[in-house]
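The same subunit A turns up in both complexes below, where it pairs with subunit B and then with subunit C.
Now for the complex of A and B:
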């Protein structure tokens, strides 16, 4: 009886492959309740797009399907259809995936490979962690992009030039095919990013989904292609709206760092992301992921500063400027908390300040960041203030250390001493009159000014 | 950050268990086949934890990546919010205070006499679960209460410390009438596979 069910399921998978988008195991009511034979599987939802298999029958169904698969000829379509049933129930069965790779590889048909990707969409709706499934999906993607869509690009070497008229027609045809392939490639890659988004929405911080999403970025070439740059920009927008609702999702933040790297780490993009992250860190205090993410952004930004010794001069500027007296405006937290999270992004190709490596701009960003971090550290009325203080102070340490590291210099000892004392300082508003931490800061500031003066 | 469910309950110890007065859930992020079970678990955990909230107190219990915030007024009208770990706690309690006030002004005579689960129509609740998925929408209320917030006392407990001695969550799941056979089966299977239970 299970064999029949397995065959029926294989048939459903084949005939409804374009409509099915979700799969789940459900504990169905027992025979006594239905008064009829218990259903092994069923479809439900809009247009029958949700496939459900009875939790109790799952194991028996799997065994029947597996027997049918193992006793069949692997080259035959019917056996491979049964393989799909096996994989739907046990997605980690790597051998079966690999035999499918050989089967599909031999047939080398784009439509079948696209169907295979759609099938992994279905499997992943339940088995989101299954590494062999993600790998198989990537394999199918590589087959499509590598063999089929790139075939028409570039000139065929063996072609003879037989008459200019015919050649120009061939060129036009080739351009048309290239354009079509390009469109198909872009659609496929967008779908890949969207599927990762769908999995991430259902299963928080799924490592395999996010790793795959980062790998997909490797197919985009921002430097040479306008469309790819646009696609990466859309990915950036998607991630920004994701951050606002998932403030401790470090996987998404890592993905944003990968996207920015793929775009070449343009300073204005980094600045926009730092602004968003800062506003979120103030509005939703105490989430370490956001502060760690800011560290990554600031480090990338410092590396873009054109002059090697510039970070040190930036620190000098800070030490002699508003931070020296640490007269912190605590209302900064309130205004930041209400700041608009919808920051306009420019998509222009020309990066307004990357070329000059505008040090004044870098200095302003660093000053704002350090000021905000010290203000956050001293705000003990916010929610999760302990964690917020710890994260903010760690961030200050990181920014100062990085400034020196990026220019290949060691941190001066007085600054190192001050940095070591930072996390142990008493909680509460930073008050110059009675806080030893601030007294030490003032000392460190004057010593560093002298030191820097000696360097230049 | 999301709110999975908000419920208004009555617990005056004149019934065996707290009774539901109104509730709303937001389950679109769950898989199609998990939604029924998720709704049942929200009901189960809300009822279980309101029962174990001291009168007049606010309490947050963390369980498998979710926070269950409960507030039981001294007159026995209570509210439970099931949200994820990111959702700001203070905003949750601010929303709860407001909803309880509004519910009482609408059903002041009625609710103390309810002895069985009811589904009283309460529009602010249906609106709240949609609108306050974004905590900044609730911020306007919380700004007025900012001074109160700092002094608002919330007890933080784990599920084990809130349950009585010798009482385990597994046992409560097994005997609960809020959960169908299927949901109980799902809970047991998920535990044995060491996976997250369906709510998260």
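Now for the complex of A and C:
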């Protein structure tokens, strides 16, 4: 009885595979005995077509599909179609994904592999967390990029010419194919990032999606390809506009760190992102995500800095000079909170920092960062002020510790023992111990600044 | 002269740290003793949890009437591990028939490769192989398998970069590595793989900016993947340098939320499963007192399902086996419940079922 519905589902999956973009189980409250035909719903709209299955029949339909699949010949198309029905209803069924891999692997057809990726789009619209689905998708992508599109592809500034300057007709055909492959590759990778964004929007902080998204960046080659640089730049814009509106989304911020890394961590880009993050951290106080993100950014910056000079000297100099005489002026917070969030993105290939090895500029960023954090750490007036102070003190200590680490120096004991004061750090707003704890932290921070000042 | 003085100081610090570790272990032992005397912490619903797990056990065998039930069939071996593990912590493992479990688990083994699947008739992988070996260990039936053959299956999954991968998709992450090493640790066959390579891969998943570990290189730090990474390092005999351990413990301690529960990533909600994963990482690092243990205990107790028994992901939600097991592990690590089953912070198995060669800290 359910077999008909399972076959219908398989039929819709095949005939509509290019337009289907969403699948769901639909609860049909109060309607009973609709007959088999009504177990499967299909709507064809402007924005893509949707597929639904009656929630109450889900288990029976799944069982029927699985029997049809298990008893069928795995080499036949109809059985493979039924495998898709099984996966659509039970996306973590790894063994069936593996059967798909063997089937597709044998046929080794790039169009079919692209269809498979499209099928996982549909599965992920319902089972966004399903790790086996993400794994299968990654497998299909690797097949396409590794075996089909990569074969004859050189980079646009590549080193492939084998000596002969005469180009035969074969070579020209090959160049055409290379170009087409390149275009197809760019489109595919763009689509991967877009799907991850779609999942991020419908399921907040989905780890599998973000982890996959970070891996996709590994296929871009910012060093050799202009197109890839553009794609990374586009991802940067997309992430920015996302986390400006989702200031606790640390996953998106981690992805931004990955994008910057893929671009080679250019100091001017790091500087722009640090400025944006600081403005957000002041405008939306008490968000661990933003302060963690700032920690990541400043760490990348310090690493760039270490190529030119030792960050610890800069920090020691700041501690003995500007920070030692720092007046904690809360108006800094107000002006930062009102500052514009539209910070221009630089995307020139030329790194304005590279020529001069500009220590002064590093020093200025670090000074601004430490000043802002110390002011935030003393601000009892903002919303979520305890959280904000804790985050800010943690940030200062992170900068101090990191500057030792990236300079290849052992972390001094005063920066280590401070951490041992952590017990009950998250004692919560109602705990009276919290205020004295924060005071002790603040003391440890100023003592550390004094210690470091002596290094200069 | 100054060098000699510095060396003497360092040696003295080493001695004091060893003493303090020994004292920590002694406090651990005494707290367990006291707990056995005092009984469970107030509010712990022991009987309800036993009934919940046994009920699940019975129902799972008899009826498979919902899509949720059907869609976890392929990882049944993990479900059996959580259920039996829960009963062991609750001292109620005698209520189920282990012969039946062992016979079923052995049927999940692929006779050619010696790897295990998540259920009879499914494909093998390293993760389910580890869980099958765990289930056999729980039931005291490790002698029923050929350890060399299973170890050879695991070793064949290791890649040139030191990672371990799924044999079907080639996918690799810290979890495959962790499962491979845990499995070999139980089997006493760690020497069949390249441990240095495994360590190298795991360390490539460490994020230098926060000290935590992600699923793959550069992925966001996550408490569960930090557990898989730290567990793998521990088994491989690799200790993090003190400042990296501090960094990581700092990140882990900040997982404690206002509710007292632990989250897995910055600004996520607390979830009971991290009461094991994040907590046990702090335990492995010897820094369990960096969080407020009492408030964590209170949070886990609030996640108990008063109606059905079992433990949910957070207060007010419906319980499930997975969170029941990790909630109980958390309470055991906190010394909040009276149980003879002391859980290994690394392997998440009762110390009593570990072969002598496998018992770590």
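Throughout what follows, the second predicted complex is superposed on the first by the 368 of 456 C-alpha atoms of A that agree within 3 Å, B and C clash if a C-alpha of one lies under 4 Å from a C-alpha of the other, contacts with A are read in each partner's own complex, and residues count from 1 in each chain.
Note that a contact is a pair of C-beta atoms (placed from the backbone, for glycine too) under 8 Å apart; a residue touches a chain by one contact, two chains touch by 3 or more.
Since the model is a prediction, treat every value here as computed from it, not as a measurement.
In the overlay built on the shared chain, the residue A:19 is in contact with neither subunit B nor subunit C. Once the two complexes are overlaid on the shared chain, A:292 sits against subunit C while remaining clear of subunit B. Of the two partner chains placed by the overlay, only subunit C lies in contact with A:416; subunit B stays clear of it. By the touch criterion defined above, A:190 reaches neither subunit B nor subunit C. By the touch criterion defined above, A:43 reaches neither subunit B nor subunit C. Looking at the superposition, the partner that touches the larger set of subunit A residues, subunit B or subunit C, turns out to be C. Contact with subunit B, but none with subunit C, is seen for A:383 once the two complexes are overlaid on the shared chain. Using the contact criterion defined above for the overlaid structures, shared-chain residue A:407 touches neither subunit B nor subunit C, since it reaches no partner.
Of the two partner chains, neither subunit B nor subunit C is touched by A:178. Contact with neither subunit B nor subunit C is seen for A:364 once the two complexes are overlaid on the shared chain. Residues 25, 248, 287 of subunit A touch subunit B in one complex and subunit C in the other.
The touching residues of subunit A, counted against subunit C in their complex, run 25, 58-59, 62-63, 89-95, 97-98, 101, 135-136, 138-139, 142, 205, 207, 210-211, 214-215, 217, 248-251, 254, 257-258, 261, 287-289, 292, 295-296, 299-300, 394, 401-402, 405, 410-411, 416, 419, 422-429.
Within the complex, the subunit B residues that touch subunit A are 1-2, 29-34, 65, 85-86, 88-90, 133-136, 150, 181-182, 185-186, 189, 200. Partner subunit B is touched in their complex by these residues of subunit A: 22, 24-29, 44-45, 50, 52, 55, 125-126, 201-202, 204, 245-248, 283-284, 287, 381, 383. Across the complex, subunit C meets subunit A through its residues 64-67, 69-72, 74-75, 117-118, 121-123, 125, 166, 168-171, 207-210, 214-216, 218-222, 242-243, 246-247, 249-250, 253-254, 256-258, 260, 265-268, 289-292, 295.
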